[in-house]
Each structure stands twice: as C-alpha cells, then as structure tokens.
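Next come two complexes built around chain A: one with chain B, the other with chain C.
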Partner chain A sequence: MAAPVRATLLGVRAGGWRRCDRLWGGGLGSRCLALQAAPSGSRSPWRLLGALCLQRPPLISKPLTPLQEEMATLLQQIETEKSLYSDHELRALDEAQRLAKKKTDLFDDEQDEKDIMHVQDLEDMWEQTFQQFKLGARVTEADEKNDQTSLHRKLDTNLVLLVREKLGDHDVWLLPQVEWQPGETLRGTAERTLATLSENNMKAKFLGNAPCGYYKFKFPQAMRTESNLGAKVFFFKALLLTGDFSQAGKKSQHVWVSKEELGDYLQPRYLAQVRKFLLDSNGLSCLW
Partner chain B sequence: CQAGLELTAILLLPPRLPGTCRAQTRHTHQRASLLSFWELIPMRAEPLRKKKKVDPKKDQAAKDRLKKRIRKLEKASQELIPIEDFITPLRLLDKSRQRSQVELSLEESERRALLLKKWSLYKQQEHEMERDTIRTMVEAQQEALQELKLESPELYTEAIKRDYSLFPFEKEGPYYTPPIYNYQPPEGRYNDITKVYTQVELKR
Partner chain C sequence: MSDLEQVLGLQDSAISKHAFSLLRFRNLGENPIYSPGGVLLTTNRCYKTKPTHGIGKYKHLIQVQEAKKKKVKVEVRPINMGTDYEYGVLNIHLTAYDMTLAESYAQYVHKLCNSLSIKVEESFAMPTKTMEVMRLQDQGRKMAVDSVLTTHERVVQISGLSATFAEIFLEILQSNLPEGVSLSVREHSEEDFKGRFKARPELEELLAKLN
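The block that comes next holds the complex of A and B.
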C-alpha cells in the first residue's frame, strides 16, 4: 500500500487540486491522500465488493438444558406455594369436602349430583382436547434428511445463506457478493445482491448502513496488475423476513447453513473473519 | 290590483278619518308609488316588545350561571383512569383462598439453595459470553469501517449515517412449535368487552 500512497502524494502536488475537487466537492484537502475512484490519476488497487450475510432468524426456541429445566420446575413450585387458590382449585376442594361428607353422612344427597360436572371430568376433557390438537413438529423432515438447501431445517438456530461461485479456476463457497458500482452506497450493493440472487422473491430487513465485517484478499500473482492488487469484501447483515429461492434457478447452488457447519464450506481465513460477526447459537437463544 | 286601486281611491278621496288621512299624507313620501296599498298597512309587524334592555342582561346572567356550574363540575370530577391491574378484585381477598404454609424438609431446602447457586453461576457465565460476543462483533464492525475509510471517505460517511428506516422494527419471537402449514383457524366471532376509559380534558 506504501507505493500507491507515495504516487498519490506526487500526483497531487504535481497535478493540482483540481482532480480532488472534481469528484468529492472539495474541502478534502489532506484527504486527497486517500485513494479515490478518479478516472484519471491515482486509483485504489483494491476492488470493492459488497456481500450479503442473509440470516433466517430462528422460528422456535432452543430446548432447555438440564439445569434450566430444574430451575424452571423449582420456580414453578415456589410460585404455586406462594399463590392463592384459583377458582378451579377452590371448586376441587369443595367437591372433595362434599364427597367426604357424603361418605360419612348416611342420608341422601340434597341436590341432584348428576348434572354437576366434577373437576376430574373437566380436567379429562381438557386433556383430551389438548391431545387431539396437532402441533407443528419441532424436528422437521428437512432435519432428518439433512437437506441443507431448505429453509425448514434447524428451526431453532440462525441459518446463513452460502453460495457457490467460480473464482478463477476453482469453485468456492462464499457469502453472496457483487461488485460495487460507483454511484451507489455499499449497502445498495448488498441490496442489489439480494435482488439478483432471489429475482425479487425475498424480502429482507437490513440492519443498518454500516458493514458488519470485512475480508480482504490479494489476487494470485497471475492476476495482479498495477491497479488491481486485490479485493475487499464488506459484509452487510440482513434478516430474512419472507420469501425463498424460486426452485427454477438451480445453476448457482445455494445452501442454508448454521454457524457450526460454516467450517465445512468456507476457507479458513474467510471463515475466521465471518465468524467474528455471527452469533454463536449455543449462547443467545433468540437474538441474531 | 284592481281592488287595491279602488280601495286607494276610496281612502284617499274622501277625508273620512282625519288621522288616517294625515298618516297617509305624512308617509306618502316613503312609499314606492302612490298606488301601492299594501305598504300603507303594516301587515307583518308584531306588537312591540316592552322589555328590550333587560333581556340580554338576563340571558347573560343565565349563561354565566351555567358556566359556573360547568366549571365546578370540571373541578370536582377530575377522575383519573383506574389502572385495573392495581385494584385487587374483592373475591381474591377471601381468607379461604389462602394456602396453608408448606414446611420444607431439610433436604429440600438444601437442594433449593444449591440449585440457586448453580443457577447464578450459570447466568454469570452466560452474561460473560454475551458480553464477549457483542464485543467481538463491535470490533469487527469497527475494523470494517476503518478499512472502508481507507478506501473511500465518501462511502465511509455514507456508512456511518443513521438508518431511519430500521426502527420501529417488529418481529414475533420464537415460539415453542413452528407454525402449522396451511392451518385453518376455526371460524367465529368474538365480543370485545374491554372497558375503555376516556378522560375529559379541562379547557384551561
């Protein structure tokens, strides 16, 4: 990076301030040392790429650890001990008393008992209706098949979208990225990535204007030129609200993957950078 | 019209009643035309009211009295909207509702104390983990912003701008079971019986 900086210094002193003023509206003065995308003159050797870290937030809560289960039961016990009797419990107590009285006393019951619903019957009825209702399955079939392209897998963790692309000679799995075009902000680049990927099927909520992480790499020796040293990828986080990939476009393969499985797909250095801004699934259950 | 003309002829020509004649001659300059008969006799006039000056005063007095009453009412009834959660319903203050005190055995109380200590340790670890995760995330973001600043200051200024469309952000949290695919909820109507209180505002 030192050589290009020196070049810009010379260029600024020799060429003049006009170049600086043209694009960024002046007032930058010493900032002209920074590398701008001016058509003529100094140019940043790094290409800018905007990448999208699209996450599907979890749909269900994580199962409780044994300690958490114990604590939950203890809290429930303490709560019942400190509470008052509810209407249902009072009714149960009254009935128990009445039954006891009926057994001890020998005369017939004054009221007709056939019409009154016993507490036990009510509870049985409620239990039955609960059993009859079918809840959604926490472990879906996608889990069983381990189908990593479907969104219904691992409903209790964040899933991140990975895409396979050709870089140079080999296929590489990475977060979807697209080259930055002058005239748009980096967040706009990320939004464009989403639009091109999903063909406007997916709706996502972007979390702020600032990137959450970056990764810079240099091109292999063959590809390097004066102005093309490498590329910097800036990641932007987004939460998937609705939508999914249309099944038609299967040419660029995609995968929805949780944080632990990222290691299977990504390159080590890339992975190290990406892991910094992705949440660990074991710690915080409902955040992103 | 012909009848009118005849009548005016009869009235004007013979001076039968001196008063009317004088009245007629007195007011002839006010009439639109000599033959306009209906303007002579004021047909639509009411009998004159006697109390003209005292009436508005009475009306004003009545209005003032009303205003005073309204003001008194407003001062008195400054009822605040009751918070229903803070008012215990009377049926819950019954003695028969109270449970008998539970005697905990020694093992039970020991177990509880031990569990609470383990729980506090677990929560402390969880908190530290959260803190570290957030710190790494923030550091990663700061590094990214530094790199962006080195690249192009304009993009940096764009990146650090506040995003006004982010909040308010609503999202329904994770449930215990996922939503059922193609669920048909049972049809029916409901009556909303929540009490709605309105507070009268003073016009001061």
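The block that comes next holds the complex of A and C.
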C-alpha cells in the first residue's frame, strides 16, 4: 500500500515543538523520509519515546448472548420453513415413493435393481464422519492455569503485551518503549522496539504510520534539569502475525493481558490514555 | 353575398356544392375556418398570443443526460494534502464459501462506510467459482464426487480514506470479520478493472490473426 510518508503527531504542544513548524512551513509536497535535524540551539525539553502496542487478534469468535441465540434459532426456523427442497431431499422423497410402490406392486420387472447408493446409506456415512471430527477446545489449559505469559489464553479477545521496566527506582509495568533517535520516524522507533524485544522472532503488521495515542509525563523533581523536563510517549498499534518470545529469556518480565486486566498492571493516568485507543469488542457492535 | 358569388363566378342557377357550403356557413354566422368539416386549410395560428401557448411542451423541463461513458477512469495516484494523506481507490474483497455471510458482511461494510462518511464508489460481486471435491472411494480406484464448493466474492470500492483513519478502519474491519470470511484490501488497478469483463474469444482470434 502506498504509505503516507510523514508521521502525523497527535496532541503536539505548540510551544516546545519547533521542529514541526519548520517542516510544515518548508515544503508540503516534499517527500522526506527523515525529520530535518533542528539546530542544536533550540532543543525541546521533552524527550521522545516510541512505544509499541502489540495486539494478538482473537482466534475464535465470542459466544453468543442469550438474546442472539434466540434470534438465531428463530431466523433459522423461518428460513427452513420458507425454503425449497434441496437435491438430496428430493432424492430421498423419490426413493421413499419407489419403496412404497415396490411394496404394493408384486412385480419388480419394471425397474431392475440398480446398484445405487440409497439416501439412507449416504446419510449414515456422513453421520459417521461427523462423529469422528473433534472440535478444538474453546477454553485452553492456559486459561485454567491463568498463565498470563502464554499466548494461548483467552482466544476470543485481544491480548496486549506489557513489559516490566525499571524507571528510576521502581519497577513499572508498561507498553514496551524505546527512545526516539533523531533521523528516524516514530514508526521506525516502534519497529525497533519490536526488534529489540523479540530478537527478531516476532512478526507484526503495522496498520498505519500515525500513532494511536500519546502519554506525557514529567520527571520527578530530582531528575529534572534544564533540558529534561519530562517525556512524551507515542503509541503505535501493531497486530501480531507470528512468533512469540523465546523461552530462554527473562521470566516474569512480560505478560499478555486483555483489556479488563490492564487495570491490574498499569498506573492510573497511563491506563486512562491507553484505554482510549484500545478497541473494545463489545463496543463495536454499536457501529452500525 | 353578391361579392362571393362574383368571386366564385356564379351566374348559373347550378350552384356548386363548394359555394353552397360556404354560403351556408356564412349565413349561419359561423366562421368556415374553425368549424369541423371546414373545407379550407388554415394558415394563421391565432392562439400563439393566448396564455395557453405551448401548453403541451415538456422537453425543456427534462435535464439533459450525457451518454454514459463505457470506461470509468481509475484514479491511480492518491491525493497528497499535507498531513492528511488520502488513499486513492481501494478495493475491499470479501471471500467466503457461504454466500449469505459474504453478502451480509459486505452490507455491513457498506453501511459502516456510509456512517463514517467514506465515499463508496461501487459495491459489486465477482463471478462465483465452483469447485468439485473428488474423493478416492474406499475399495475402489475411482474418484467420486464428494461435494461441490462455491466461492463467493463481494467487493466494496471506496475512495477518500485518510491515512490517519485508515488504521482504525482496518482494525474495525478485521475485528468484526465473521468466521469463514476472508478479507483483502488492495489498491484498485487496471487488471482488477479488466478482470470483471468477459473474455472475447472472437476478438482474441482476430487479434492473433493480425499478429
């Protein structure tokens, strides 16, 4: 797909973001892959981080609500009552008629015994093959153990990856992030995050070049300096295609978590921003 | 009466039928021009001055429709408008074995685009492909027809999707996809357009003969 070239930034503060002003003023039609390096004099006091919201899309669909079940059975009933006979059913009716005629007639000379499969035999065969087929389990063992590091949990919801990192003194759970380096797009930063995390094991699909959310925070008083007020984190969404963390790695450092369980791990302000861009599977049905 | 007789050259007692009818009309006080069975063909249309002039005309009220162009131009390059980068024409292909599923999901996508004010250029179906599944019969060497599978494809063509929104839109499409339907979003191309037409064997034969 023809991808847009310039990363669009949401929620940009006009004050400290002079680089962008220069860019937009410069050339609207120019295709430049890298943000122009700002003169070293005017550096904004905010550090930039690109974060990755890696989602595992649901593998099976959600179970139907009672209302949906009732509606489905009703519609199915209406359809069967309105429908016409299929080829198989016509054949069954024909054979039933023929059998009835045979019983009443004493002569069988009109129709010699053909070596055809009777409808009953066909149905028995199909019934057998159906019995042999086994459906996959909806509730996997990871669900029962509540093993949050495994990818096979909760097959009908989106799972988001969270990583534990050290910020300052304490450990904090957050979406994997990496600092932005001048000369690359923010989406490139997110891709670099993915590569460093998984050591090139995981393959993800980025749907667009625009970030889906941002989070801004100021460093605690002790850490603040002239040029380091705080940091801004831009989140990028990606869908996991294949791959997982290699097992020989740090344990209890990463977790695959659904939207409801996010509250257990993330800080409240961070959580509020993250919640804004995570699509809820129940809320989508209202878009009609 | 006398001048008419003079004009018509009547001196005889044998009055012609022609003159007699004229006279009769004149005596009755009617105008020979208007009355039914009037003999003379009229040349003056006096009712052009009346308000009912042109009462039956309607061609000037119909909007002139241009002849439909057979080939619709394909917009290949996306429009670049600063930070808002728009995609050109995109084709959303929905394929499924179950026709009702494919159609109802295509309906959903169409309605979604309408409510999100994304312009839907066209919504059409590609021809159905039929596949016969042959199974090797047990105790036999022959292959017998086991089942017939039909693949249905519905296409929704949209234009004017902005890049910032495309991400969200695609995620909505993917998460709402029903089981058994596969989604494919591609940019519209000449081959896609030409693929909808039927092959013309005579034309191809003639072209082959020319070359």
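In the analysis below, the second predicted complex is superposed on the first by the 204 of 288 C-alpha atoms of A that agree within 3 Å, B and C clash if a C-alpha of one lies under 4 Å from a C-alpha of the other, contacts with A are read in each partner's own complex, and residues count from 1 in each chain.
Assume a residue touches a chain if its C-beta (ideal position, glycine included) is under 8 Å from a C-beta of that chain, and two chains touch if they have at least 3 such contacts.
What you see is a predicted model; the values in this text were computed from it and never measured.
Once the two complexes are overlaid on the shared chain, A:Leu59 sits against chain B while remaining clear of chain C. Looking at the superposition, the partner that touches the larger set of chain A residues, chain B or chain C, turns out to be B.
When the two structures are aligned on the shared chain, A:Cys212 is found in touch with chain B and with chain C. By the touch criterion defined above, A:Asn228 reaches neither chain B nor chain C.
After overlaying the two complexes on the shared chain, residue contacts for A:Leu279 are found with chain B and with chain C alike. In the superposition on chain A, contact of A:Thr149 is made with neither chain B nor chain C. Comparing the two complexes, residues 24, 28, 57-58, 60-61, 207-210, 212, 239, 279, 284 of chain A contact chain B in one case and chain C in the other. Chain A contributes residues 1-6, 8, 24, 28-29, 57-58, 60-61, 158, 207-210, 212, 237, 239, 279, 281, 284, 287-288 to its touches with chain C in the complex. In the complex of the two chains, the chain B residues touching chain A come out as 92, 96-99, 102, 112, 115-116, 118-119, 122, 126, 129-130, 133, 136-137, 139-141, 143-145, 147-155, 158-163, 166, 169, 171, 173-181. Against chain B, in their complex, chain A makes its touches with residues 24, 28, 31, 34-37, 44, 46, 48, 57-61, 67, 70-71, 74, 81, 83-85, 90, 134-138, 140, 152, 155-156, 185-187, 205-214, 216, 232, 234-235, 239, 273, 276-277, 279-280, 283-286.
The residues of chain C lying in touch with chain A in their complex are 78, 80, 82-83, 85, 87-88, 108, 111-112, 115, 163-164, 166-168, 170-172, 174-176, 178-179, 185, 187.
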